[in-house]
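There are structures below to look over.
Each of the two complexes below includes chain A, the first together with chain B, the second together with chain C.
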Partner chain A sequence: MRPALAYLARRATGLAAVVGVSSALLGALLLFAPGSPVAEQGLAAWLGGFWRGVFAGDLGPSYRGIPVLDLVGRGAATTLPIVGFALLLSLTGALGIVLGLGDRVAALSRPLRLGLHGLSLVPVFLLGYVALVVFGVPPDGPRRWWAAVFILAVGDGTLSDVILGLDAERRRLVEQDFVHSMRLRGLPLVRRLAPHLALPLAQLLAARLVFLLSGVLVLEMVLGIQGLGLMGYRAAVKADFTLLVAIAVGLTGLVAAVQLGVDALRVAVDPRVRKDSRQTARGSV
Partner chain B sequence: MLHETRRWLLPLGLCLLLPATVAAQAFEYAEDELPFTLNPLHESSMAETRIGELLFEPLWGLGYDGAPEPRLADAYELSPDKKSMTVFLREGLKWSDGTPITAADVEFTVAAYLNPKSDSPDRSRVAFIKKAKAEGESTIKLIFHDPEPEPLQKLSFKILPKHRFESTAVPRKDPFWFKPTSSGPLMVESQDLGTWSLQLNPEAFRKPNIDRVKVREMPDKNQQVSSLGYGYIAAMISVPGQYLAEIERNRHADLVPYQSKSWWYLGMNGKHALLKNVAVRNAVGKALDLDEALALIGEGDRISGPFVPSSKFYNHADSVPLLTPDAMESASLMEGQGLTFEDGTWMHKGEPVRLRLFYRAGLGEQGQTVALNLQSQLRRAGFDAADPVAMDKSVWNDKVFAQRDFDLVLDSWSFDKNENVYDLFHSKGAQNFIAYSNRDVDSLLDKAIAETDPAAKVAYLREVHRQLAIDQPYVFLWSLRSYTALRREVESAWVSPFYYFSQFADWKLLPKK
Partner chain C sequence: MRWSAAGVGGGSVLFAVLALRVWAVFIDPDPWPSDGAMGGPSSAHWLGTDAVGRDLFLRVVESTEAFVGPGLVACAVALLLGTLAGAAVGYVPDHPVSKVLRGVLTLLSAWPRLVLVVVLLAVFLAGVSDPSAWAPARVYVLGALVGLSFVPQVAGVLSERVAHFRRARFVDAARAHGLTDVAILGRHILWANCRQLLLRQACSVFGAFLLVETSLSYLGDYGVPEPRPSWGNILADMRSAVVRSGGIAGDSGWVEAARSGGLLGVVVPSLAIVATIAGALALAEYFAQRDAEA
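Now for the complex of A and B:
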C-alpha cells in the first residue's frame, strides 16, 4: 500500500472511531432521558443493536411510521442540497468579490465593508424571519429553497468568513516569490494559483460545514422545511431516540467524510504532507 | 468577474424580494404539527381530530345550533327504558371507493373501538355502548350499559369502513393510517413529509364548496402569521395571545373567537409523601398567583373546578371561590403539617421540600412560559422547585400515566360536548393518574353517570366541582380564550367548539383579491 493511502486509511479509521464514539456518547446521554430504551436495555446492548441496524439497513420504524433510515434519507435529500448550494453560493460570492476586485477589496469603502460583514454576522434564524415577514417567502416551492440557500450562504458569518479567509490566502500568495516571478514573466496567474488556493479553501469550507449544518437545523424550523433539522427536533420531542441518534450520527459521519476529503486533497496537492505522511507511515511499521 | 456574478445574483435577489402575487386555489391551513395518523381510532391530537372531520362522518355531528344533527344516520328510535336504540342510516351512502356504507360498518367501528388490542385512546368515548348489532343493510341496534337519555351527542365518533380491515383489532401501523377510505366531504389525494393534500370525495353526501384542502405543518408561529398575511394559507388554527394584535392589524384576515371546552391544570401526585395531604396541596395552591401566570400567555377565564365557566356543570356558587394567592395562609397550612421554614426554604424531616414539575410539550411556548413562572413562584414561596421538563405524549404516558413518577404536572384537558370528568377523578377512572381518591366524589360521579334526569345530573356534577375545589387534586388554572384566524376570502365559515371543521362543507373560498 502506498504511504499516502496508508495515511488516509489511518485518518479514515480515526474518523470512523470518532463517529462510533459520538454514538456512544449520545447513547450515554440518553440514559438520563425519560422513557429512553437505552436505560431499559443498557448502553452496550442498545448501541450494539443500533449499529447492527445501521449495517443491516433497518433501524425499525420511526415515530411517523416510516422506517428510520428511509426518513433520514428523505431528510438528507432535503437538507444536504441546501447546505451544499449554500457553500457553493458563499464560495462563488467570495471568489467574485476577492478575485474580481483583487486589491480593491481592502479599498472598499469602510461603510460598505462594515455593511457586508454586518449582514453576514446576522444569525440565520433572524434572516429567516426577515425573509418570512419582509419578503414573504412562501411555505414551499423554489423561492423558499433559494431563500434558505441564500440565508445560509450569508448568515452566521459564513460569507464574511469565506471572504476574509480567501482574501488572506490571496494576499499570502501574491507576496510569494514565484508569483512575483510569474508576473514578471507575464504568465497567467489564475491557473497556476488555483492548486495553491484549493487546500486552504477546502479547509475553510470544511470548517464552515459544521456551522452550516447547525444553521440549517434552525432555519428548517423557521421556514418549515422538512429536513434533518425539523426531523431531529420532532424526534427529540417525540422521544424517538433511534431517529435522533441516527440523524446525529449521520451528520457526524458527513462531517468526518468531508474532513477525510480535505485530507485526501491535502495529500494530493501538498508535497510536504505527502513527505510527512510517508515518514509517518514508515515510522509506524 | 463581478459583472458575471451580477448576472445570476440579480434574478435571485428579485426572486426573494417579490411578494406573493399568486395564491393557491386550495384551502390551505397550518398546523403546528402535522396530523400523523388519519385513522380515527388512533387520533391523539387536535390536529388529527380536525383532519378527521374532513375525512369521516359520524352518525351524528354538531349542528349550527350546538345540537346533534344527523350525518350518516337518518333517524332513530330510543327504547322506553333508554337502554337501547335503533339507528337507521341514510339511503345510498357510499365510501370514497364506491363501497356502500352499511350498518355492518357501524357494528365494526364500535367493536374496533372497544377491542383493547386496537389500543384506541378514545375507547372511553364508546364505552357506554355494550353492543352494536347490524339488523339489515341500514339498520343498527345499539345496546347501552346504562340508560342513555341523550345518546345522540355521544354518537359523534367517526365510522370506519369494515372492508378495509381484517379484524376489529386494528394495529396502529395498519396502512389505513395514511391511505384511508373516506365518508366525509374530502378524501386523501397525496402526502409528503410536511403536508396532507385532500380532494373532493365524489361519493360524499355532504358535497363541500371547497374541493381541495391542504394541511401544512408550520412549527413556527411567526411563519404561520406571515403566511396568513401573505395569503399562502387561509386559516391559522390557533393564535397565541402575543400575535393577536398583529393579526388584528392585518387587512386580509380576521380573528375569530371560538370557545374550546378545555382548561389548564397543575396536577399533584397523590402518591407523593406530602402532596397526598390536602393541606399541603392547598398550601401549594395558595402560594401561586395564577393571574400573574395567565397574564403571561394571553386572555382566559380562571376556573375553580373541572369545567369551563360557560358549562352548565360549573359551580358558580360563592362557596366555590377562585383560588387567590395568600402567602400567610399558605405558610400557616405548611406549618400546620409540621413543616419548618429555614433559610427561605420549606423543610420536611431535615430535607428541603423538592418538587419536580413536568409539562406536556404539546402546550408549546405557552406551556413553557407558565411552567417557568410557576417554578419561579414556588421557589419564591420556599419550595425547592426543579427546572420544569417538557415531555412529549409518549414519554408522558410512560412516566406520568404508567409510572406516576412526578410531583407536579402542567397540562390541559379538552372535552367534547359531554364534558365527562369521570375518568379523571373517580378512584377507578382510567385517567386518574394523580391517584386521587374520595368516596364522596366517587359516589357523585357514579350517580351522575347513571342519572337519566339532566337536572339531577347537573346537580351531582356541580357538587363534584365543589368537592374538587376543596380537595384540590389539581390546582385548576384557567380556560384560555381561543382565537383562530381566517383570511377574508373564506366565507360562511363557522368554527364550532372542539369540532373545528364540523360544517366545513358549507365553507366557501372566494378568489383572492
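Now for the complex of A and C:
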C-alpha cells in the first residue's frame, strides 16, 4: 500500500477506535444511572445492541416517541449548518483582517488583541440573551438563524483565536527564506503561500470545532433552536440516555471525521507524509 | 514582583469578587421587601426589585456564592489531575501508564466540554436517590465536573513543558547529585518552571467555570436552583419581565425596561459576568507574560 494511504488508514483506524471507546466509556458511566438501559442489560449487551442499532439505522424510540436516529438526523441538519457557516464567517473575517492589515496587525497587536479579547470575552449564551432581550430576535425565521451563526462566529473567543492563530502563522511564514527569495524576485506570493497556510488553518479550525460544538449547544437552548444541543439537553433532563449517548457519540464521530479530513489535507500538502508516512505520523501525534 | 496592567486589572476584579463573596455571607438569604415586584431603583433597593419583589442588588451580591467556591473546586480538580497526568505523560512518555493516560486524555478531549459535563451531571443526578437533597451541593459537583473536563487541556500543555525540560542539562545535573525523579520533577521542573503555567490554567478554568455555571443556571435544570441566586438565573428571571415591545431596542422598550427596573436587572448581571471572566483571563494573561519572561 502507498505510504500516504497507509498513513490515512492508520489514522482512520485510530479515530474509529476513539469513537468506539467513547461509546463504551459512556456506557460504563450509565451503569451508575439506575433505570438506564445499560444498568438493565449490562454493558456488553447494551454496547453490542447500540452499535447493531446504529448500523441497522434503528436505535428505538426516543422520549418523544420519534425514533432516536431520526431525531439525531434532524438535529444534525439544523446544528451542522450553523457551525459550518460560523466557521466560515470567522475564517472570512480573520482572513480579511490578517491579510488586509498585513504587517500592521503586528503593530496593532496590543490594542487589537485587547479589543478582540474584549469582544470574545462575551459568552455565546450572553450574546444570545442580548439578541433576544435587546434586539428582540423572533423565535423563528432566518433572523434567528443568522443571529446564531454570527454569535457563534464571534463569541467564546472564536474570532480572536482564529485571527491570532492565522496572524502568527502568517508572520512565521513571511520570515522563511523562500519567501524572502520570492519577494526579491518579484514573484506573486499568494498562490505559493496558500498551500503553506492551508494545513495550519485547517488544524486551527478543527481545534475550534470542539469549542464551537459546545457553544452551539448552549446557543440553541437560549434561542430555542431545535438542534442537537436542545435535543441533548432535553434528553439529559428526561433521562433518555439512548438519545443522549447517540448525540454524544455522533459529536465525537464528527470531531474524529474532521480530524481525518485534516490528516487527508496533511497528506495532500506535505510531501514528507507521502514519502514516509510512518515517520511523519509519529512526529505529528 | 512586577505587576503589569493585566495583572493589576485582573487581580482587582477577582479581589472585588472575593470581597462580594465575603459580604454575601452576612446577607439575609431571603429578603422580601414590601415594595412590590419589578420596582425601579430607589435608595432602599439600588437596582430595584425582581419579579417576585426581591432586592436585585443583594441577589447580585449573593450570586458570588454560586461560583467562587465551586470555581475553586474546578481549579483544584483540573490542576491536581491535570498535573498528575501531564507530569507522567511528559516525564516518562514510554511508560505503559503514560500510554494509557494519553489514550484517556485523547478520549476526554474528543468530547465537547459541555456535552461531557451535562452527560456526567445527568448520570450523577440519575444515580442519587434524592436529587433535591443534593440541590445545595450540586454546584460543587458541577465544579468538579468542569474541572474534570479541563484535565486534558492542563495535562496537554504541562506534558509538553515537562517533556521539554526532561532532557535539560540542569535535570542531568540534579540526577548526578543523587536527587530522585520525584524531587527533580516536583521541585526543579514543576515548581521552578511550570507554576506560572499552572496558575494561568487555573485562571482559565475559573473563568470557564463561571461561563458554564451561569449558562446552566440560565437554562434552569442543572445550574443553581431557585430560590438561590446566580447571575444566570437572575438573567433568566428578568428575560420574561423585559421582553416587551419586541425587546429593549423595540418601540419604547428602553423606557419601559428602565421604568420597571428590568433594565438594571439585565445589564448589571451581564456586566458582572463579562467583567469577572475578563478579570480571570487578564490574570491568566499576566501569568502567561511572567511565564514567558521566566
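By our rule, the second predicted complex is superposed on the first by the 270 of 285 C-alpha atoms of A that agree within 3 Å, B and C clash if a C-alpha of one lies under 4 Å from a C-alpha of the other, contacts with A are read in each partner's own complex, and residues count from 1 in each chain.
The working rule: a contact is a pair of C-beta atoms (placed from the backbone, for glycine too) under 8 Å apart; a residue touches a chain by one contact, two chains touch by 3 or more.
Please read all numbers here as calculations on a predicted model, not as lab measurements.
Visitor: On chain A, do chain B and chain C fit together or clash when superposed?
Guide: Overlaying the two complexes on chain A (C-alpha atoms) leaves chain C and chain B clashing.
Visitor: Of the two partner chains, chain B (first) and chain C (second), which one does A:Leu166 touch, if any: first, second, both, or neither?
Guide: It touches nothing on chain B or chain C.
Visitor: Check whether A:Leu204 is in contact with chain B, with chain C, with both or with neither, and answer first, second, both or neither.
Guide: Neither: A:Leu204 stays clear of chain B and chain C.
Visitor: Return first, second, both or neither, reflecting whether A:Arg143 touches chain B, chain C, both chains, or no partner chain.
Guide: After superposition on chain A, A:Arg143 lies in contact with chain B alone.
Visitor: Check whether A:Leu213 is in contact with chain B, with chain C, with both or with neither, and answer first, second, both or neither.
Guide: Once the two structures are laid over each other on A, A:Leu213 reaches chain C alone.
Visitor: Would you sort A:Leu223 into first (chain B), second (chain C), both or neither based on which partner it touches?
Guide: Once the two structures are laid over each other on A, A:Leu223 reaches chain B alone.
Visitor: By the touch definition at the top of the document, which applies to A:Arg74: first (chain B), second (chain C), both, or neither?
Guide: In the superposition, A:Arg74 contacts chain B only.
Visitor: Return first, second, both or neither, reflecting whether A:Pro61 touches chain B, chain C, both chains, or no partner chain.
Guide: Once the two structures are laid over each other on A, A:Pro61 reaches chain B alone.
Visitor: Between chain B and chain C, whom does A:Tyr233 touch in the aligned arrangement: first, second, both, or neither?
Guide: In the superposed model, A:Tyr233 contacts both chain B and chain C.
Visitor: Taking the superposition as given, does A:Gly93 touch the first partner, chain B, the second, chain C, both, or neither?
Guide: After superposing on A, A:Gly93 lies in contact with chain B but is clear of chain C.
Visitor: Quick check on the output: what are the common chain A residues between the chain B footprint and the chain C footprint?
Guide: Residues 34-35, 129, 132-133, 135-137, 221-222, 233, 237, 239, which sit in both footprints.
Visitor: Which positions of chain A touch chain C when the two form their complex?
Guide: Checking each residue of chain A against chain C gives 18-19, 21-22, 25-26, 29-30, 32-36, 117-118, 121-123, 125-126, 129-130, 132-137, 156, 210-211, 213-214, 217-218, 221-222, 232-233, 236-237, 239, 241, 244, 247-248, 251-252, 255-256.
Visitor: Where on chain C does chain A make contact in their complex?
Guide: Touching chain A from chain C are residues 103, 106-107, 109-115, 118-124, 126-127, 211, 214-215, 218-219, 221-222, 232, 235, 238-239, 242-243, 245-250, 253, 266, 270, 273-274, 277-278, 281.
Visitor: Within their complex, state which residues of chain B touch chain A.
Guide: Within the complex, chain B touches chain A at residues 1-2, 4-5, 9, 12, 15-17, 19-20, 30, 33, 36-37, 172-173, 177-178, 192-195, 216-220, 222-223, 226-227, 229-230, 232-233, 361, 389-392, 394-395, 398-399.
Visitor: Using the touch rule from the top, collect the residues of chain A that touch chain B in their complex.
Guide: Going through chain A, the ones touching chain B are 34-35, 61, 63-65, 74-75, 78, 92-93, 95-97, 99-101, 129, 131-133, 135-140, 142-143, 146-147, 150, 221-226, 230, 233-234, 237-239.
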